[in-house]
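For clarity, chains are labelled A, B, C and D in written order, and residue numbers in each chain start from 1.
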Amino acid sequence: MIPDLPADRLTDYLRRMLVIRRFEEGLIELAGEYAVGHFHVYIGQEATGVPALAQLEPGDVGFTTHRNHGHLLARGTDPAAMFAEILGKETGTNRGKGGTLHIASLENGFPTTSAATGGCTPLATGAAFAFSRLGRDRVSVCLFGDGALEEGTFHESINIAALESLPVIYLCENNSLEALGQKANEYPSSTMAAAPLTDLAAAFKVPTITVDGTDTGAVHDAMATAVGRARGGGGPTFIEALTVRWPGSRPIWPQLLTGPTDLSYAWDPSAIPADYAVWHAEQDGLLRYVRELLSAGVLTPDEALAMDEQVKDRIERGVRFALDSPYPPVASALESVYA
Amino acid sequence: MAARIRYIEAVRQGLQSSMRSDPSVIVLGEDVRYGGPFGATKGLADEFGKGRILDTPISEATVMGMATGAAATGLRPIVEIMFVDFATLAMDQLVNHAAKLGFMTGGLLRVPLTVRVQGGVSGRFGAHHSQSLEAWFLHTPGLKVVAPAFPGDAARLLEVAIADDNPVVYMEHRGLYWTKGEVTGNEPASGSVVRRRGDHVTIVSYSRMVHHALAAADTLAADGIGCEVIDLRWLAPLDLEPAVASLRRTGRAVVAHEAVTTGGVGAEVVARLQAARGIRTRAPIARVGAPFAPVGAAPELEDAFVPGSGDIVGAVRGLLGEAPPRTDGQKGGRT
Amino acid sequence: MTRTRPLTDLEILARMWLIRAFEEKVSELYAAGKVAGLIHLGIGQEGSAVGTCAALGRSDYVFGTHRSHAHAIAKGADLRRLMAEIAGRSTGYCKGKGGSMHISAPEVGFVTATGVVAGNIPLALGAALTSVTRNEDRVSVAFFGDGAGQSGPFHESLNMAALWKLPVVLVCENNGYVEFSPLSAHTVVERLADYASVYSIPAVTVDGGDVLAVRDAVTEAVDRARGGGGPSFVEVLTHRLRGHYEGDPARYRTLSEREEWKRKDPVARFARHLAESGVPPESLDDVEAAARTRVAVAAEQALADPPADPAGVTGDVYV
Amino acid sequence: MREMLYAEALVESLRHQMATDERVHLMGLYFLGLTKHRAIMARLHADYPGRVYHPPIAEVGYVGVAIGAALAGLRPIVDMATASFMFQAFPQIVNEAANIHYMSGGATKVPMVFHFNHGIRGGGAAQHSHSPQAMLWNTPGLEIMAPSTPRDVMGLVNTAAASDNPTAWVDHVRLFDTSGPVPDDKDFSIPFGVADVKRQGGDVTVFASSWMVVRALEAAETLSAEGIQAEVIDPRTLSPLDEETILESVAKTGRLVVVDECHRRCGVAAEITAVVTERAFGDLVAAPIRVTTADVPIPFSPPLEQHVEPTTDKIVAAVRAVTDSAAG
């Protein structure tokens, strides 16, 4: 479903989703030519990240994981600076010191990215603690995958959040379906005995919501409820967004198995190739959102393609910027250990 | 002629032979049933079954504790920590339980546990996936620590570690996984070994840095400088006898490792060598290690961070007075 | 495993009195400066320790906490060696290396105790894994307090015990206080057993003042574990009549609360129960007297033992 | 100048921070452990109920919460009580707090303090006697302070609270009962990286921090009666370390005894020994001697405990040994 928002906001959501999609596709191509190291892509989860994060306000913060690109882009972080960071360039968000796993963008509300599973949960809870103690009307969003629920840090953190009614939202993006090592076609993963995962939060008396992570409107509404609760002093919320692991991110190294996304799949089912047809037709939240915008008359196919071209161009320029940027001076390796 | 195999395959073979010879050996780790991210446990689930190759949740603290409890009650577990950086999540169980149970109980319990950790700088993995944390393990009484540099030692010392009745941290360097070497099965089980003879300077090292030390020795040999290269292999217990004997001849030594210099293994080696030798060395013992900083992700920063053969060459020349002496073994930064 | 004959009611009372007498003796010796260190007593929680261990065989495993004198005695540990350990004597279970918080009596299945809250729960899971791997009929028990419920390893352990169907019984001694504060200051969750249901682990909450109720609940859990049914969670509502540690004045507790719990004292309550069911009062008194005598003798012997020998201090770090 | 107990100076410095900066919040309550002085701390709690947080027993959780709070505007001073519990919070301390500023390329700051009660306090056994400073020192990004006097704790806390870096503050429970002069000026601060010569002497340099300073000074008194004048150097902070003051002293004495309560293997004493032998090689007339806790877990029984810890007698013996050895 479509969020109940003005048309320009709806198309803005699509633009942000496209930025993420084209960014990740571009990165996979780039990785073929340049040693960018190990990275994780957000393809297939755009319809979760964008409606969840684009509605936040300046000053709200997010703490994310190794699969972080989509979250930063959803809040408007410059793709060029992110490419530069991933390539380890001086112009990167972190001046080359973080790389893909630790992208930070203070101005977009991402103080740090922890690449240790479960590392972000206490940090996000702590930011909410600060907001609560400082009397700031801000929320903190904790973004993580289902695996983070296996770490003790999650339980320790959410207990404190519940006890102190902290303005924190735990957004679990459960992309375990069809991921490595999963029981076929089953949520949750084979390494978690709790089902559904929301029970883990409910045990701490934290309100929970389960949404289809490919349903932009449903995610938007769930998040709006949670943000409203947090700002109103009602404490934490746990949201589980169910998505399907994009085939290209299986098992570990991202590959463009599905090819670059062709937006025309959204309005021309006959164009969908036989390989991964179910993915394109049913599981890709981005294409679903395009279909919904088309049928609601918010957007025409031509407008969608035009927007896509703009985004592609921006991404291409970002890649070029990153490639053209210098590496940081070697001496800077020893700087910023201390403030 | 022994087979030349890759380091990671040697690790796999070490696991396999131990599991074949002792049914009490089990493996616990994330995704180990599928071989793990680097293939160390590939095929083991097929051979030994799910009951002995256990895929765990991402719960390092509890997995380490479970393995400790299982070890104290009769099994010989091997825990795979996917990156040594994540050992931080299991530190309480490792330091406060696994390492101390034998002592705290006055010897009533024993913890025959092997913890396989993989680390080091390789592949631009950034600050959470590139550390060398062996000093923490050395600083923990009750743990043994081994860091093989060659496939032969990787296989043999893993078997030795698994058969040991103490908790052993077995350190693998990711950057060595695809290097090849002979596996004879006759590698010595304990102590350090001399990898190369030389009369002018003693280089003490372990893990991947041994390869850099050998490369440095090659470079220096061209100038007529003979380096004796000692591979410590075991960091705890630390066997410095060959190093002391060598130092007695050469009078000069460099201790080289990839870990951060400050508080590192090098400090311990220097302190012991100085104490063993008095101060009758011809020059101070130099340390080569990483600077006092986290690992930067950018290729240039990573390269600037990680010490290599060039740093060892520089340190050796410094000791011989052919270049300004490096006084603190560091590239800068605060200590 | 060696199935042990079930304890008779009088034997259960005797164990409870042994623990009570032992703990009071430790308190007395601590006050007199004859034992040192950080001492946590479980006076008032005997029903949990004895009820649980009455459901176990000698070869079943028990993993204790910083407050585990009771668990060790309930499992059958030798009083003199236990007291010697607490007093730092060379004849102690751990040769004086462990002390009050790190008791170990493996010959009766009391494997070890930890000074780290929740630190023992993963260890108990590991022992259960040993039983499964070796196809042995042993069950593992982890004792822990309500404070452990807020710690990560507790939650990680619930998941893994359920996932792997481990023969482990998680015995939560919920005495309502986490160190010096009420549980409500640490969590909004009142019953830790609620966490178990998240992982579909069978859970029950019992009155720790009723030793037979504890025994029956744990017996059911142990039978389930032996039958391959995996873990169980037994939450025992109990109360410690002493402070968090010896020397803690426990001003955070109200007098009325103390009086109420004194009435619920599991030892006196079980003695009353036996008296009501026809056991002559003199034989009940004899049980207490015998326990106090045994403890007095054990303490006297232990204190007469030589202090731990510094020459052995570097031993036992490695095999 | 006023005369104060260490415990009082510690609490006064915390109180001063609470009074002058409302972003300062305390998390964890056991700054004074379970000692008799904890009532002073309780008064501070009573005065700032909204800014003192008593966390659950969830070390990795609440320490991470404190770090997150530092990122979002507070300046938390978080207490871990017994340093051994640091290990449960280790991933947050060494992977997050220490690295975040660097990983962000200098953009994100982590202005906070971790407080640990370290060391052997009598009967703590293996899990309640830890000295964490060596492991923390192996972690770039953390500042480490280890005060030894009421004056120093006050001056260093003021500096730590003003620092934008995560600072590890190790205190020794046995120091709480000691007393000494403190300045009247509550803003008095001691810069990090400046060692203090706690006693002048020309025969041997004795390096010691935290509680070991007290023992080193005791040893120096004993030795003085024998005609050996020891110079006692207290670094006050390990990171940053004031190498110059140590080197100047060694240049004068030619002899070094390094006293430290960490275990020996890869401990603080190893690093100090290595630094001095590297940088003052020509000045040394004898190999430095380390006086440390033995490489065994801390045993419970009192005679065993005393046997493994660095005592005054062991310091005296080490100084005698190093002064007896002939010039090399």
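Rule of thumb we're sticking to: a contact is a pair of C-beta atoms (placed from the backbone, for glycine too) under 8 Å apart; a residue touches a chain by one contact, two chains touch by 3 or more.
From a predicted model like this one, the values you see are computed outputs, not experimental measurements.
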Of B-C and A-C, pair with higher C-beta contact tally: B-C
Longest centre-to-centre distance from chain A, chain (CA-based): C
Geometric centre distance via CA averages, chain C-chain A, whole Å: 47
Centre-to-centre distance between chain C and chain B (centres being mean Cα positions), rounded to whole Å: 41
Length of the line joining the C-alpha centres of chain B and chain D, rounded to whole Å: 29
Rounded Å distance between chain A and chain B, as computed from the means of their C-alpha atoms: 37
Residue numbers of chain D (touch at least two other chains): 55-56, 58-61, 84-85, 88, 91, 95, 99, 102-103, 125-127, 140-141, 294-297, 299
Touching two or more other chains - residue numbers and ranges from chain A: 92, 94, 96-98, 102, 114, 116, 119, 150-153, 155-156, 159, 163, 191-192, 337-338
Where chain B touches two or more other chains at once, by residue number: 56-57, 59, 61-62, 85-86, 88-89, 92, 96, 103-104, 126-128, 141-142, 292-294, 296-297, 333-334
Graph class of chain-chain contacts, one of line, ring, star, complete, other: complete
Residue ranges of chain D touching chain A (in the complex, touch as defined): 23, 25, 50-51, 53, 55-56, 58-74, 91-92, 95-96, 99-111, 140-141, 143, 163-165
Footprint of chain A on chain C - complex, ascending: 150-156, 158-160, 162-163, 186-189, 194-195, 198-200
Chain D contact footprint on chain B (complex, rising order): 61, 85-86, 88-89, 91-92, 94-96, 99-100, 103-104, 126-128, 133, 135-136, 138-142, 236, 238, 259-260, 262-268, 270-271, 274-275, 277-280, 283-287, 292-294, 296-297, 327-329, 333-335
Of chain B, residues touching chain C in the complex: 24, 26, 51-52, 54, 56-57, 59, 61-75, 77, 92-93, 96-97, 101-110, 141-142, 144, 164-166
Chain C-facing residues of chain A, complex: 150-156, 159, 162-163, 191-194, 199-200, 202-205
